[in-house]
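Next up, some structures in C-alpha cells.
In the two complexes below, chain A is the common chain; its partner is chain B in one and chain C in the other.
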Partner chain A sequence: MNRNYIYLTLLMLILAIGTLMINKTKEPNQIEPKQLLFELIQPTRYVSTDQVAKMIIQNDPSLELIDVRNIKEFEAFSLPKAINVPLDSLISKNSLLNFGIQGTKVVFVSNDDIASDQAWILTKRLGYKSTYVMKGGLNLWMETIINPKQPEETESAAAFATYAFRQGAQLYFTGAKTEDSGAPKAKVEVQRKKKSGGASGGC
Partner chain B sequence: MGPLIPNGIITGNWDFVVAILLGIAFGFILEASGFSSSRNITGVFYGYNFVVLRVFFTAVIVAMVGILYFDYFGWLDLTKIFILPTYLTPMIVGGVIMGVGFILGGFCPGTSFAAIAIGKLDALFFTIGLYLGIYLFSISFPLFANFYDSGNMGNVTFTDVTGISASWFAFAFTAIALAAFWGTAVIEKRIRKNITEYKF
Partner chain C sequence: MEINESNPWKTLIALSVFILILIVGFFTMRTPLLTYKLDMKQSIKEMKNSDAYFYPWQLNGVLSKETNNVVIFDIRNSFVYGQGHIPGAENLSAQELTKEESIERLENLKDQKFTVVLYGEDQLQANGPWMLFRQVGFDNVKVLLGGYQYYMQHKNNLLATKNDPEIQKEVAKCDFAKMAAPKDGAVVKTSEAKKPVEVSRRKKSGGASGGC
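Here is the complex of A and B:
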C-alpha cells in the first residue's frame, strides 16, 4: 500500500480530532469600536418626541417603535403601535428579528433615554442600521406632547409653531378629539425579516 | 471575512463568475478522478471499484473539517452560509430514483457532462435522456407537486435536528470515511483478483 495514503489518513484523522478541541464560545460579530464611537457622538441618532408624535399621527409605515421597558410598565402605558422588547431579552434571536428590516426606522423608547440608549448601543454593536433613541423618553413625551407648556411671548415663532403642533398632538393622543376624521386607522403590521435564501445546487 | 457575497466583499454580480470557476474545477476533478467512465462509477455497486466512494467521501470530509476550521479562524461565518431546506420523504424518494438511474445509466448528472467533454457517446445519450426526464418532470409536475413540497423541515442542519455538535459529527464521519477507504481497498483487492481488468 502506498505510504502517502497512510500519511494522508493520519493527517485527516488528526485534523478531525482537532475540530473537537476548537473552542466554540461564539462571540457575536460586532462593528469596529471606532465606528461605534463615531456613531455614538452623532446627534442624529436621537429623534425628538415631536418627530415621533408626527410620525405616529401620520401613520408613517417606516416607524418601528420598540419599547424596552418591562412588560408591566408596557401594559400600564405605551405609545400607540409600540412593540415591547424588554431590555433583558433584547439580544435573543426572536427579538433581533425586529431590527434591520429594510426601510424601517427603529426608535427605542423607555421612561428616560438611559435604557433606550443601552438598547441602541447593543443593537448598534451588532451592526444594525437605522436605529434611533427617543430623546428624553416617555417622561419628556408627557412633558412635551401630553402636557405642552405655552411658550413665553418673547420666544421665537418656531417655538409657537411647535406649541401649536403639540396642542394638536395632545388632542390626538389623549383622545379628546374635536373632530373625527372618520378615516380608519391604518394598522401597522410588523414585517419580520426573512432569512435570505441563496442559490441552490447539487451534484 | 466570508461568505464573500453576503458580507459585501464582492457584489452579487460575481455569482456567475464564481459559478463558472467552480464548475471548471468540479469538472476537472471529476475527469481527473476517472468519473467520466461509467464503469468506474458503477463499480461501486458491484464492488470492484470504489473510486466514487473515495472521491466523494474525501471531498465531504475535507470540506466538512475545513469549514469548521474556517469558522474557527473567522474566515467564514457559518451562520451566513446557505443551507438547503430539507424535505425528508421527497428527498429519500429522489435519492432512490437517482441511485437507480445511477446504476442503470452509469452516470450522475455532473459526470455525464464531464464524459461528454471527452467525447463519450454513452454520456451523450445519457444527457439526452436527462433532458427528456427534466421535460417530463416539468410537464407532469402538478401531479406530484404536493408530495414534492411535503415535509419541509426548513433550513436545518444535522446539529439542529439531533443536537450532536458539528465537530463530533465531523469527527465521527471522518473516522467512518477513513475506515471505509481502507475497508474498500481490501474488498477491491480481493474482487479484482477474479475479474478481468478493464483499461478505462
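Here is the complex of A and C:
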C-alpha cells in the first residue's frame, strides 16, 4: 500500500514537471498573432506629415522620430532630432531601447511608408505600444511640407488653412537652422533616458 | 486486512481514470488558430524575399486564365470593391480576414497549393495582413506590388511595368538634402522665416516649475 502512494506521488511530480515544459515559447513577450491581426487592420497607426511637422515645430517632447532607412540615406538627410534605426537592426537589443519609453510617441519614418509600416508591425509583435507610422514617408514630406502646392481657388477653406500652415512649416524646415542637425544626432538617444530620473519635486 | 487486499485495484482504477481524463483533456485542448512560424529575424528576412511579392505583370497570366492556381483577394471594403476591382478578384475585406472561416479558407488554399494574392487600395493597405500571414507560416500568401491604384494606372499595359522604376517602393523620389536646403541662400530665408516660427510654443518648457 505504501508503495502505491509512492508511485502516485512520482506520477504527480512527473506530470507537474511536464506541464512546465508545455508552454515554453522562445520569445514570450510577443502578442498573439490573432491580436496582431486585429490591430494591424486598423488605420489608427498612421499620422500625417502635417501632424509630424506640427509636433516638431511645437517641440513636442513626447515625439520620438525613428528613421528606419539605412545609415547612408539618414546621413544625407533626416528630419530634425530623428534617430536612425535601420530596419535590419531593428530588433537588436540596443535599438529596442528606443521603444516603450513611457510618455513618448514613436513615429516611424522611411522614404515611403512600407518600411516604416513593417517596422511598426515588428515592434507591435514584440508588444510595444504607442508607435505610429508617418503616412507617405519622406517622399510625401517633400511634397507637402518642403514644397507645398497652392490649392485651387475652388477648394475648401480647410485646404487653404493647411496650405498656410505648410508654408510656415516650409520656412521653418528650409530656413536657416540655428541648431545644427548634422553630427550630434546620435547623442539624442542619451537624452531620452534621463526622463525616468526626472521625478524631483518640492523644495 | 480485507480492505488492504482490495486496495491495489482501487488505486489502479483511480489511476487509469485519472490518466484517461488527462488524455482526453490533452486531445481536446484548443490550439490557437495562428501561431508564429517565423521568429523576428526570419520575419525581417522574409520581407526581402522577392518570391513573397506578386508583380503586376504576373497578373497577365491570371487575367488570361493561363495560370489557374492563383486566387486574388481584394481586402478593401465591399463598397469600394463594388466600384471596381481587378477582374477575378474576390472580396475579402480586412475585417473579414480576421474571422476564423477566412483563415481556415486560406489554410485550405495553402493545402491545395494555391497562391494567394492580397491587394488593397495601395500596397500599404495589404502590407500588414501580408506580413502577418507570412509570419504565421502561410508561404503561399503574396502581396500585389503597388496595390489597386498602381494596377489602375497601368492596366492597359501591365507588361511595361517590368521596367517601371516607380514600382519599387522605399526609393527616394528626389534628393532630399538638396530639396530641403535653403534655396536662395540662408540669409534671405531667415528674414522671412522669422514670421512663422511659433515662438509662443516655448512656454511649455516653463510650465513644470514646482516647489514652494
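The definition used in the following text is that the second predicted complex is superposed on the first by the 147 of 203 C-alpha atoms of A that agree within 3 Å, B and C clash if a C-alpha of one lies under 4 Å from a C-alpha of the other, contacts with A are read in each partner's own complex, and residues count from 1 in each chain.
The rule we apply is simple: a contact is a pair of C-beta atoms (placed from the backbone, for glycine too) under 8 Å apart; a residue touches a chain by one contact, two chains touch by 3 or more.
Everything numeric here is computed off the predicted structure, so don't read it as measured data.
A.B. asks: Just to be sure I read the superposition right, which of the two partners does A:Asn94 touch: chain B = first, chain C = second, or both, or neither?
C.D. replies: neither
A.B. asks: Which partner does A:Asn2 reach: the first (chain B), the second (chain C), both, or neither?
C.D. replies: After superposing on A, A:Asn2 lies clear of both chain B and chain C.
A.B. asks: If you stack the two complexes on chain A, which partner ends up touching A:Asn29: first (chain B), second (chain C), both, or neither?
C.D. replies: Only chain B is touched by A:Asn29; chain C is not.
A.B. asks: Check the residue A:Thr154 against both partner chains and state whether it touches chain B (first), chain C (second), both, or neither.
C.D. replies: Neither partner.
A.B. asks: Of the two partners chain B and chain C, indicate the one touching more residues belonging to chain A.
C.D. replies: C
A.B. asks: Tell me the contact category for A:Ala16 with respect to chain B and chain C: first, second, both or neither.
C.D. replies: first
A.B. asks: Do chain B and chain C touch any of the same residues on chain A, and if so, which?
C.D. replies: Residues common to the chain A contacts of chain C and of chain B are 1, 15, 203, listed in rising order.
A.B. asks: Under the touch definition given earlier, write down the residues of chain B that touch chain A in their complex.
C.D. replies: So the residues of chain B in touch with chain A come to 6, 15, 19, 61-62, 65, 68-69, 72, 77, 81-82, 84, 108-110, 155, 165-168, 170-171, 174-175, 178, 181-182, 185.
A.B. asks: Can you check the complex and tell me which residues of chain A touch chain C?
C.D. replies: 1, 4, 8, 11, 15, 26-27, 30, 32-34, 36-38, 40-41, 57-59, 61, 69, 73, 76-77, 87-88, 90-91, 110-115, 117-118, 121-122, 125-126, 135, 137-139, 142, 146-147, 167-169, 171-176, 201-203
A.B. asks: List the residues on chain A that touch chain B in their complex, please.
C.D. replies: These residues of chain A touch chain B: 1, 5, 9, 12-13, 15-20, 22-24, 29, 195-200, 203.
A.B. asks: In the complex formed with chain A, which residues of chain C make contact?
C.D. replies: Counting only chain C, the residues touching chain A are 4, 7-8, 11, 15, 22, 32-36, 39-41, 43-44, 47, 94-95, 97-98, 123-124, 127-129, 131-132, 135-136, 169-177, 179-183, 186-187, 189-190, 192-193, 195-198, 201-202, 204-205, 210-212.
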